[in-house]
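Shared between the two complexes below is chain A, which has chain B as its partner in the first and chain C in the second.
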Partner chain A sequence: MNLKKLPLNNLSHNAGRTVGLAILVALLAFVAYGGSLVMSSLQNGIGSLEARLGADVIVAPATAKSQQDLNDILIDGVPGQFYMDASVLDEVAGIDGVEVASPQYYLSTMKAGCCSMPVQIIGFDPATDFTVQPWIERTYGGDLGLDQVVVGCNITGAPGATIKLYGVECGIVSKLEKTGTKLDNAVFATNETVRHLINEAVERGFPPDSHEDPAMRISTVQVKVADGYDPEVVAGEITLRVRGAYAVATRAMTSSVAESVSGIAGVIGVLMGVIWVLAAAVLVVVFSIAGKHRAKEFAVLRVIGASRKDLSGVVVKEAVLISALGAVAGIVAALVVVLAFNGALEAALGVPFLTPDIGTMALFAVGAFAVAMVAGPAASAVSARRLSKVDAGQVLREE
Partner chain B sequence: MGDIRLETQGACKKFFRKRRDSAQYFDAVAPTDLQLAAGELVVLKGRSGSGKTTLLNMMAGLLEPSEGTVTLDGQNLYELDDAALSRLRNERFGVIPQGQTALHSLSVVQNVTLPYLMYRDDDGCESRALELLENLGIRQLADSYPSELSGGESRRVCVARALMCAPDVLFADEPTGNLDDASTQVVLEMLRSYADAGAAVLVVTHEQMAEEYADHVLKMDAGVIEARA
Partner chain C sequence: MADFLKRRPLVAVSFVAAVLLAVGALTFAGPCIHEDGSAAVCHAAAHAIVACGVVGAVGSLAALFLRGDKAAAAAAVVSAIAGLFAAVAPGTVFGLCMMQTMRCWTVMKPFALVCGGVLFVCALIAVIALLRKGRGRAA
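The block that comes next holds the complex of A and B.
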């Protein structure tokens, strides 16, 4: 036993105190790491929502219900369907400032053999589509054939498996990465496949709630706006000129989500700050209380030849060990909580939630570790100072 | 009389004391000239509160005098910086403080070897520690922890700890408190033979028996060393 080994020995001999202090540091690390994970997941979620919506403007039928349904489908994930005449597509394409216009066909089902939850089927036109195919390409190289589907990450079934839609076994060729948006619950297919599904369903005697021919009727038109045009202006133009259609700039759709995200982020930020300050204050106090009891121990060390520097070294080293222990525990706990309750958090917050990639999570972990490793020893500084200044003669006289 | 080892010149300690209607400084230890010589054992006795521990702490490099100096072989202790004085305490002084001062997180033998290992490599010092414990009659407690010891056993651990680094000057503040007569005799004999081996030894004690082992007996009263008994 020497002064170098003494701190570890002290910690293991005072397990209760060690664990208590480590828990406080763990709380600091937990809040720092968990908070930053949640914050960045929210940021990712909103970013992903914007990216996945893809279109600058979405055109839907001009009924109040279809507006609500569109929101439900894209933001809240409730399957829905609504239709307008296919001629809208050509009219939209003719509007000034529209660079690309591509139709989508929405079909919802309660009867899919695959899942207990309702599935949203989204049919797209491979020739003009610019919103779905780019991210299908990222996970699956080729084109989608007849009765082939790409599924969102929340749909059961791996690539190579089949999914039964209206009695038709459709091959899953790819599963998309998690987006944190409601499109994670959707199934994507070409309009040709959708038409086949509808025909099969009718033949087998269980037609979908609504079964309109994708050639005649469409649900939405996805619009890419040409450079130099303002999506909001183009949307207004479409609404004005195309009968029976209502156009909305996606920026406007996501801005309401972004608003609630920033509200939530603000609350979480304040909460984090409060917990942090409290835990740090308690840590300082507990370190100091523990220090008082130890005055005699340190006086003895001084009598047998320890310098003041040695004494503060012992205190700081103990704090470093405790902080390392607590930081690792807090980071692991935060990781487990955020990953395990990912879905619950998303449901509770009601906004898109997408955890960052492993590299970013590791970076945050390093950051949280560093923060805890600074906070713990800093909290012990008061106590280190006082204990190193212990008046050995005085303390040992107080028998 | 052997070589002078440790010497105080006019060393005194003033403390601040509050009274009901006034507050003032008083001399816990009045200006004192005292010498400890190699090979000698000095007993310091006196009523409780007379300033014995205060004087001992000043001489042991633990408490800076308000005035005056403490010198070891001509070196003024309180002119050294903290690191140097600490090292000097470790290498040349052995202190048996008043009361129970074994460290609770260390076993008995670890308590005894700690001062040695603080500035030196482990060169089998444990066997020397065990030998000291053997001489003090507590060899069998080497692996116990202080909380398991009786008051007297704990005192003897501190005696062994003070002797571990073979100090030139040994300070003992009531080393035989809590000890039965037989153990008291063992400890006093040990201190005596340690002085005979060439160390300067200062023993603060109320123990009558100690005077038989002393070269000089000093008596302290209200901070003043009164007479040589």
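The block that comes next holds the complex of A and C.
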């Protein structure tokens, strides 16, 4: 007796039941794949934040407001500006354990026009910089000239286009890769360009809120610590010895973000578990109920010569087909939601969010597919066992 | 009605996607509203999405109730075009705001892409199915 086509025919003739079961499996696959993608993106975001900050220690003015502003700019992405005397740079460079010290200058644009947002401009010294230029080199081979800028990936405008900052048309020479951090919203330029922007703005009669000359004032000093030195010890030494400056190890800055990510990942993990248990339980119940309603169908098959093994094979094959259909649908849906709405997810979660590379995503997809392919047939196993043992005579007599 | 839903389920899905597109762009997935009442660049894109949703909904509704398969297929083509336009227009034909962290980039554009995409794919498959059915009957 040939039962090869029976599972497929059963599914197509009971479209409602097939779609309902496939939706349940799709939910399982969606939760497994979507949850994995989100958790991986959160982990990537933390790694990216640490890499993107670049420096081991960041030195800022010693006022509480400056420290809050530094956190706002680098972690929360709120544009701001604060300054200290440029002589701090030499003092920091003289501290034991400091290998490289490079100044940065923060300037924020004003909100202007119907759809503009304040943008953080970060000026750096090309001669000493070691935090911004390595990122620029990945997408742009040349040096930044006057009125040339590199923009974070969230700033609209492709290389070759211009962006108007304080009335000056600046050429975008490169767009940085997505890092999932708030620095994706910043514009990077040399201190020379920043000085030009300030001068132009002053000449046009709309100077920046608290403009200071980048030659005399700086916002932060980015410090690379020499091998063998502990960044937190060096940061403490700088805070102690350099008057008016406060140094923080970037590891300490990112630890609060890492804690938030850990908390969010925990909540997602629990939610995944709850949804999985519920959906799996519903799947078992639905397969079981569907099995009871199909007792007569299987009794007839038994009477016309199908073996017990054949009958359980039909149920399991149907479950495999439904699982495959649901798993693919769930994985595609999760992929679309996470990729399309990753900006909204990042905004909602408030932590760095960087989706994994294609290889990792494919690996997670295979994992989610495998899990769904196990869950569906496993849920049908009880039903398959019961139906294979159906007493054909009794069932048909009852009917 | 139920008979039409059974006969043309994909058209029914495309109708739901089109309604969701229009309602979403006007409410939960719309651009941010300025306190001073001024309209941002992206509001034109939002209006286009709403228009596509309305056209898609009318087309799908017509495809759902028209008796002739060819006429229903023609109506579904209109829905498919509306869905495709809604999916690709924001950010290309119609500009969005400057920062890609803004609501129009993070919510409205992906929402239009997903809903427009569903509308396009469902309507397109429905068109193919309706034309095949029409040919089958003619044969």
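In this section, the second predicted complex is superposed on the first by the 392 of 399 C-alpha atoms of A that agree within 3 Å, B and C clash if a C-alpha of one lies under 4 Å from a C-alpha of the other, contacts with A are read in each partner's own complex, and residues count from 1 in each chain.
The rule is short, and it goes like this: a contact is a pair of C-beta atoms (placed from the backbone, for glycine too) under 8 Å apart; a residue touches a chain by one contact, two chains touch by 3 or more.
Keep in mind the model is a prediction, meaning the values are calculated, not measured.
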Chain B versus chain C, judged by how many residues of chain A each one touches: B
First (chain B), second (chain C), both or neither touched by A:R308: first
First, second, both or neither for A:L3, with chain B first and chain C second: first
First (chain B), second (chain C), both or neither touched by A:N14: first
First, second, both or neither for A:A340, with chain B first and chain C second: second
Chain B-touching residues of chain A, taken from the complex the two chains share: 1-3, 6, 9-10, 13-14, 296-297, 299-310, 391-394, 396-397, 399
Residue ranges of chain A in contact with chain C within the complex: 77, 114-117, 119, 153-156, 184-185, 336-337, 340-341, 343-344, 346-347
Residues of chain C defined as touching chain A within the complex: 34, 38-42, 96-102, 105-107, 110, 113-114
Chain A-touching residues of chain B, taken from the complex the two chains share: 53-54, 57-58, 60, 62-63, 82-83, 86-87, 89-91, 95, 97-101, 103-106, 110, 113-115, 117-119, 122, 161
